[in-house]
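Right, I'll just put the structure down here and ask away after.
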Amino acid sequence: MEVTRQRVDDLRVRQLRAQQMLKGDLTDADLEEFVQERLIFTKFETAQNWARKNCLFPLGFGLACCAIEMITVIGSPRNDLARFGAEAIRFTPRQADLLILSGRVSIKMAPIIRRLYDQMLEPKWVISMGACASSAGMFNNYSLVAGADKFLPIDVYVPGCPPRPEALIYGIMKLQDKIMGTPDEGWRERYKAHGTEERSEGAGVA
Amino acid sequence: MTEFDPVGVPYRERERSVTMERMGEEPVSGTEAPVEGDRHDELLTINFGPHHPATHGVLRLLTTLEGEVVRDVKPIIGYVHTGIEKSCEDQQYWKVITFVERMDYLAYYFNAMAYCMAVEKLLDIEVPPRAQYLRVAHMELNRIASHLFGLATGALDLGAITMLWWGCRDRDLVLDLFEMSSGQRIHPRYFQVGGVIEDIPPGWEAKVREFLKIMPERLDQYLNLLDRNEIWLQRLKGTGLITQERALELGVTGPLLRATGHPWDLRKAMPYSSYEHFDFDVPIGLHGDNYDRFKVRIEEMRESVKIVEQALDGLPEGPWITDNRKVALPPRHELATSMEALIHHFKLVTEGFRVPPGEAYVAVESPRGELGCFVVADGSAKPARVHVRDPSFVNLQSLPDMAKDSLIADFIACIAMLDPILGGVDR
Amino acid sequence: MPDATGLELIAQRVRDRLGGEAVRDTVFFRGEATLEVAPEAVRATLAFLRDEDAEPWESLMSVHGCDYLPDEPRFGVHYQLLSMERTDRLNVKTRVGIEDPSLPTVVDMFPTAEYQEREIYDMFGVVFDGHPDPRRILMPEDYEGFPQRRDFPMGGEPVLYTFNEDSYPRWYD
């Protein structure tokens, strides 16, 4: 609505006004103005997504060298994940909603990861951290599953061997954009190149 | 494989035996610890891992418990098996360095060092002294980082979570130094066959000395936090005992063997890469319990600080990689003027250097024990066999001995102080 | 390392104790001593070197295997011995062929060999008679094949470029 009256920014005045509100002393016009200044209108999904993205619970799961960088992200005071609300690591998949797949996925481990993923409750997201979890990395041989997206739907791929902690945090921020419903489309957004994604028929959404 | 049925029970059958439904039934033979009398309905075989907060990586432990007491432990490994040794047979010698670095992923310089030393032995080339000192400096810094991380996660397992923040904070300082010298924090491919890939940048020495000044105070801080903590002492003292004879029988090396009182350290016993020029002590423990392992690691960090200081003080001038152009890349300014340099560069980058046929086994002292690398060369540009004798793989065999008849909490402390790195165990 | 003459003396002592057929070869290469013995005599050689020799070697540091294809006999098993008193290493090596890839186990003499022999079985298929727990250790238990043999394929997936990505069947096909 059109606001023609002056915005009262003085802290003391605001405090007194809040005090009056609590006592029930504000009259109609003042009360309306008070409430309007503090009201946000949004869709339910947006609010829900905002709550979800700012409070991710990662599953404490690390496989190989990328796990060291992941623990550095979670545990080091320099790059720490608590700024993003994701510091509460849950070691049981029932209470976690973010699976950071950090490290090489061997054929012996793959069914176990799938079981962990199945035990997580909706909504859940997966970040594939590092080159070995996204593709086979540098190990293109008999004992690795070439990319965890063969058996898991992955939301964000973070490349690197191992990715720097800042890169993992960037990946988590991209995931937060995706949760919010406004996924970061990168260069397609910058160059207005929507419609150039490659899709082949039969590409199932796992 | 199917005709060779080892224990008489196929794997799926054995796996089913540890589910809840079979609790009241007869145990599948071959899966449980031998029992006396009719006590076996008090024994419970459960699975620790492969996904568990108290394991250092994906280690699966089939534990047989009687109440809260651990009667038997069978580690099952192989969940991070990456086939690195097989992949190495397909790569040129200098590319193998990146593969071998990723085995024991906390002590990456040591893996590369063992491999480079083995190939240098096969090629019979000399490493210049400046490269030797730089290698020693980087390896000792890596030892500090590895012990810090081991203590950080070990303390996290035992509940002293502050140590995780502090350990990671100091480890970040060390990784900054690595990033300054080689460009990458972890797995930097800094050691090459014949020396190191690049000289240290100006300012690196000053930064290292700054770090070395604060490190002993930080160690005292950790001891202040942990060493006088009643809970920490009670959890670690007297738990996880292993005798020296048993440790030697099992091939255990490194801080675990030194904690039992045996002063075997390859840096002193069979010095390599000019370790004999440095003056440092080898800390040993008295009893062989978890507390001794913890103290040995802290003191080793102190000694490493001394070694790095001496290495920097005595850093000789000179080339940082061997002059043998058939093995090491020529410096770039020569490529514009010398035809041979261009040809060498081309051959080295496309085909790689050839190694005359032979076999070599070289061992270094990594933070976990004796890390050996066995290289078989057949005259071509790719190795015929690279095998790494990983210390964690052999040290893991001592876990059943350490954990026998101990409570679960002490068992967790054993794993924490054993410090296995599953990348090295599984390769 | 025992030098070349020391190695010859050790080989002579082993021959005296176990018969002339036991020792096949001695190699002294770049300061490393290797004693090649016949597969039947490996256990006796290690027992002799540990217990009765004038210079005993009490620690087994590593047991590792190697596939020497196309060189027959194919599989080599190396026992890396260490003497902490004299800070010395000796490598004892045997070769077995593929028709009978079996060796007696040394776990009762050197308990450290337990996991390492399992790994050699897993990767090469060399069977160790008398091993207390002869299962696969690194690969899944029902895996078929022995990965580190030279004729086992590397596996993995072909790298997709634009020229072959359409012809390569995807997992959802």
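A, B and C are the chain letters, set down in written order, and residue numbers restart from 1 in every chain.
Basically, a residue touches a chain if its C-beta (ideal position, glycine included) is under 8 Å from a C-beta of that chain, and two chains touch if they have at least 3 such contacts.
Being a predicted model, the structure only gives us computed values, none of them experimental.
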Chain closest to the middle, measuring from C-alpha centroids that were averaged per chain: B
A-C against A-B, pair bridged by the larger set of C-beta contacts: A-B
Rounded Å distance between chain B and chain C, as computed from the means of their C-alpha atoms: 22
Centroid distance [mean C-alpha coordinates] between chain C and chain A, Å: 49
Inter-centroid spacing, chain B versus chain A (mean Cα positions, whole Å): 34
Chain A: positions in contact with at least two other chains: 108, 139-144
Multi-chain contact sites of chain B, meaning residues that touch two or more partners: 78, 81, 83, 86-87, 426
For chain C, residues that touch 2 or more chains besides their own: 139-140, 147, 152, 154-155
Touch list for chain A against partner chain C, complex: 107-108, 136, 139-144, 146, 150, 202-204, 206
Contacting residues of chain C [partner chain A, same complex]: 139-140, 147, 152-157, 159, 170-173
Chain A-touching residues of chain B, taken from the complex the two chains share: 50-53, 57-58, 78-84, 86-87, 98-99, 102, 105-106, 149, 152-153, 156, 164-165, 168-169, 171-172, 185-187, 422-423, 426
Chain B - residues contacting chain C, complex: 1-2, 4, 6-7, 10-12, 77-78, 81, 83, 85-87, 89-90, 121-122, 124, 248-252, 264, 269-270, 358-361, 363, 370, 372, 374, 376, 384-385, 387, 389, 393-394, 396-397, 426-427
Residues of chain C touching chain B in the complex: 29-32, 34, 58-62, 64-68, 78, 80, 84, 87, 89, 91, 110-112, 114-116, 119, 123, 127, 133-145, 147-148, 150, 152, 154-155
